[in-house]
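Letters are used for the chains, namely A, B, C and D, taken in the order the chains are written, and counting of residues starts over at 1 for each.
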Amino acid sequence: MIKAGIVGGTGYTGVELLRLLAQHPRVEITAITSRKEAGMPVAEMFPTLRGRVDLAFSTPEAAPLKACDVVFFATPNGVAMQQARELLEAGVRVIDLAADFRIQDVAEWSKWYGMEHACPDLVAEAVYGLPEVNRDRIRGARLIANPGCYPTAVQLGFLPLLEAGVVDTGWLVADCKSGVSGAGRKAETHILYAEVTDSFKAYAVPGHRHWPEIRQGLARMAGQPVGLTFVPHLTPMIRGIHATLYARLTRDVDLQALFEQRYAQEPFVDVLPAKAHPETRSVRASNLCRIAVHRPQGGDTVVVLSVIDNLVKGASGQAVQNMNILFDLPETLGLEALPVSP
Amino acid sequence: MIKAGIVGGTGYTGVELLRLLAQHPRVEITAITSRKEAGMPVAEMFPTLRGRVDLAFSTPEAAPLKACDVVFFATPNGVAMQQARELLEAGVRVIDLAADFRIQDVAEWSKWYGMEHACPDLVAEAVYGLPEVNRDRIRGARLIANPGCYPTAVQLGFLPLLEAGVVDTGWLVADCKSGVSGAGRKAETHILYAEVTDSFKAYAVPGHRHWPEIRQGLARMAGQPVGLTFVPHLTPMIRGIHATLYARLTRDVDLQALFEQRYAQEPFVDVLPAKAHPETRSVRASNLCRIAVHRPQGGDTVVVLSVIDNLVKGASGQAVQNMNILFDLPETLGLEALPVSP
Amino acid sequence: MIKAGIVGGTGYTGVELLRLLAQHPRVEITAITSRKEAGMPVAEMFPTLRGRVDLAFSTPEAAPLKACDVVFFATPNGVAMQQARELLEAGVRVIDLAADFRIQDVAEWSKWYGMEHACPDLVAEAVYGLPEVNRDRIRGARLIANPGCYPTAVQLGFLPLLEAGVVDTGWLVADCKSGVSGAGRKAETHILYAEVTDSFKAYAVPGHRHWPEIRQGLARMAGQPVGLTFVPHLTPMIRGIHATLYARLTRDVDLQALFEQRYAQEPFVDVLPAKAHPETRSVRASNLCRIAVHRPQGGDTVVVLSVIDNLVKGASGQAVQNMNILFDLPETLGLEALPVSP
Amino acid sequence: MIKAGIVGGTGYTGVELLRLLAQHPRVEITAITSRKEAGMPVAEMFPTLRGRVDLAFSTPEAAPLKACDVVFFATPNGVAMQQARELLEAGVRVIDLAADFRIQDVAEWSKWYGMEHACPDLVAEAVYGLPEVNRDRIRGARLIANPGCYPTAVQLGFLPLLEAGVVDTGWLVADCKSGVSGAGRKAETHILYAEVTDSFKAYAVPGHRHWPEIRQGLARMAGQPVGLTFVPHLTPMIRGIHATLYARLTRDVDLQALFEQRYAQEPFVDVLPAKAHPETRSVRASNLCRIAVHRPQGGDTVVVLSVIDNLVKGASGQAVQNMNILFDLPETLGLEALPVSP
């Protein structure tokens, strides 16, 4: 059994990770930390886990993290970079669900995240955990930067187009819609039920932290810098991201075939038939990304629709997928459950 | 008092029109028709109107429509065009909330709506009822084509840019999100509560009937044909449209000033301060359109955020606004109620 | 014009009061306080009020409260009792939307609210502002204790039964469901969107502060103490309270006639026809209470269904109704707007 | 492998049954019928099943139902009773998720369901499939009447009280709240998104079909007829039933111990600690029933809170549980997945 530890398990990615790991046939959760809730049984905070997770939260100091095979950080940005080195030196694999190791340009990272980076050398070593792009590098990695939720949906949607070099990379548009759980489980007024229900809004149009992460990923696929406009929106639903992507075709191509071939071997990317429209609920609680590609009225604009569950493929599920790859387990192990709908 | 009749009052635009007209100080509702519900008191179907609307639905034949000053059609497409001529000849003003008179190119209309047009000559006469563009023509009109919900939000968002000629008209993108009431009050599986709640999807990406309507309007503003990609999405909320609009700037301009000046005199268009993000709930149950304009990272892409209540400014409220203009009433009469939020 | 002040206008009852007073033809809002937000324009926090409310929040010290004709307290419990005396002595009428003056038994109040009462003599003077019961006493009052949301829905539902003495007062059950706005606009985890959406739960079953308030009111109606079980539930909706009330009939009576007669003259209580089921949305954004009364299978149990909008008839609307009575205005003035549905 | 057939798989209980059976390690789905959708691949109607369920809907005639080990009826009431005998005679076990075999008094059944019963003798043979009450009889049965959703939540909540004889059986109250999926996947106006969202209402207060079913079950537990008032409510959520149960204690008892002991061996009933309030989301997508028991203010009224997922323990999950019992499999097989929350 793989001994897994979780640092910071009181948020939504934390409890989702608990749900997935508690059901994983090859994992034993041996430690979960929360300085604030130390001593509280996990199942008291999250009654869904009653009878299945017997652990209590412990302080980071008291938790046997160094004895783990893998430690997941489900913490705010800036925490993993303080603790990763010590764990890595103890031989523990580290998967960070936050943003500390996602952006290779440390100065760019500091600008967007408003702090100095504690270990630029580890940034250089870290592997960006998008298996559909980096599977081979993930296999041998010590430290995984688990991608952000928007970046996962957007990169998987643009990937076949950019790899094939069939769109103008100078003007890409990613219009993205996220469920409210993407904002985390924080006591903040703007995500109260009565604030976001029956309403819809864009936010962070002047600049969002996922913009540099997405740009970095798209540039790697394209082999050159890209121009990207990224607009996130807050949607009155719990889970789900819907990325609507726009690009201008530079040459004629069979888009449906392009997408189907690119993802033919991918266990978690499902290309829908032509003319389809994926719903976010069709991937709810699963690690799937479903994609449809359109060319409205046969014009030169390609529209890609890409949906994921932000807490699964956009966070904790992808982290487990990365763990499976790291430990040479079948990539889908513990992630086979069908989506829940309605 | 203006005598108003409503044809087809059992849908959401119908009941919203009833709500607005029943509270309008210069209107008396004298007839409301529904062949299917003839005889049923309106307040029995819509309990919100109990004690305030005493009318019962009547058959079209029995209703004193020709004695009205104005008749609103809140019917499916294809109904108003069958009945308008007779009413117009009787001296009644007609406001069609459906699509029968919106598109000047009758062949284009037939293609998208799948039927022959019954009165092309009236299409030519009809005035497109977007007051911010057509106020003077509306004043003298007999027949008003009330704009669609998406077209209202999109046209008001692009208007200042196109009139000023500051964007590339060849590649406009309108990514639009609508509440479910926009799909009408029809017994259809795909808009059941358990189908659309906690989910999000695009629809009609290959082609939506509002696309030609929007293109027609934008082309008039631009003075030339435009290239438009329009993607509508179904959003788990009752009311509201959020249009996120993308265009490429062709020259430098003070966008905030441009929008503020264009709409300075408009009672129902509110340009938010720079960096703002309008929420659909900020216009709920009101006739307002709130707009913000952004230029992310100072690049050459302009992003406009435009929100309306699809049942008010996107349908029944705009119809009342048009009626006020037609009858030389203050344009805001009966439409002053503040938005309801939360 | 009546000069009105609001103490503590940043919560949901505060903004709803602003919405109602800003549209009231005989009121001028002259002061609104929030120590925390002093200096911020009200319309910046609440964009629905843009262009209609020009006031900024001010500190309590700077606000011209003593120059007001009436001051509303939309504050947490325990604030109004500290400031009421000074205002009353300055000749200002005070309407407290919180609980400070609702319970005549000061010891009972202290037990449930966890603090000493600052002015028991004013409690004795205060009039409980349920117009359907206390209209005459409200007319001459200086200090109004505006009822709680649950207490309004429950008392109006039981009132005809208790006044007529037709039910066993020893075992009354009030099973109540509230929208989330009833919990206020506070940054607390348990009312986050992702916590309460698509879920339903009871809370405070061992004891809720509205229980003594309701018991006090029912006892007055019955002329004797009553046995009451009160269970509140949190419902995934923004606004609305639905009280489902159970009592055992002690003698045969025409329930429909009893309710209709009791409320025949009440402008804000609407008794539905026999066999009806009121929806909370049928009163959304209005000051109405809609009630239906049932006797399932002709047995000896009476079931009353009573719905209100918790922010209007359950709080700010009732406060305005009380103000109208206090100042001899038509009781419905400024409260005539039709409910908003869908 | 157990060969399973499903008759009528296009509703919510049908697709939920598909989700559960497709993941069950000992089941092979060999037939699914829908006369209307014959020929359509199941995964085309329900994209959540893409890549996992390869079956297409077939007509009842073409489906190899008699070759199945078990056939589930996820049909409207009145269908199973027409087809059960033929299947039973072919040696197939039958589990009816509809109401055809739930009520032993056939005249009572006919009164509530508005049709003659096709096979009263099979009603007499059928076993009511509530494992917590009838496990032993289920084991040997040929024909299972799977309980209704409300009846499951209510019976499990009252069970310990009635078996122990500690409450007045003459006046039981069950105030129940159901998510909208409980109304089925039918194209009907009253369950449209825009009709039920942000609203709450009771329905069928004069009489609901689950009332006789619940009464029958409670009477068996009590050993005598019971007086029951049952009020169902429609709640704006997809899944979940919350039953709030009221009864009058006739003698003193340790309620917490009573419930914990009764359900100590039950794998799917979880008694929460004292003072707890179960949320419906805590059982979402799982076969669990979570229960809390209260005695407010130490009075003589007991309040039980009982929650289930109406599509799982209230329908398809319980059907699979019954199948496991029938075929001597571990009772929890295929039903171990943790609830999904948020």
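The rule we apply is simple: contacts are C-beta pairs under 8 Å (C-beta built on N, C-alpha and C of every residue); 3 or more make two chains touch, one makes a residue touch a chain.
Note that the structure is predicted; figures quoted are calculated from it, not measured.
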>> When I count C-beta pairs in contact, which pair ends up with more: C-D or B-C?
In response: C-D
> Looking at CA centres, what chain is most distant from chain B?
Replying inline: D
>> Quick check: how many Å separate the C-alpha centres of chain C and chain D?
In response: 39
> In whole angstrom, how far does the Cα centroid of chain B sit from the Cα centroid of chain D?
Replying inline: 45
> Any idea how many Å lie between the Cα centroids of chain B and chain C?
Replying inline: 37
> Which residues belonging to chain C are in contact with no fewer than two other chains?
Replying inline: 12, 179, 181, 194-195, 197-198, 236-239, 278-279, 281-282, 284, 341-342
>> For the complex, give me every residue of chain B touching chain C.
In response: 12, 15, 19, 22-23, 46-52, 181, 197-198, 238-239, 270, 272, 278-279, 281-282, 284-286, 290, 336-342
> Which bits of chain B are touching chain D when the two form their complex?
Replying inline: 12, 179-181, 185-189, 191-198, 236-238
> Given the complex with chain B, which residues does chain A contribute to the contact?
Replying inline: 171, 173, 175, 177, 179, 194-195, 197-203, 205-207, 227, 229-231, 233, 235-240, 242, 244, 246, 248, 275, 277-281, 284, 292, 294, 296-297, 299, 301, 303, 305, 307, 341-342
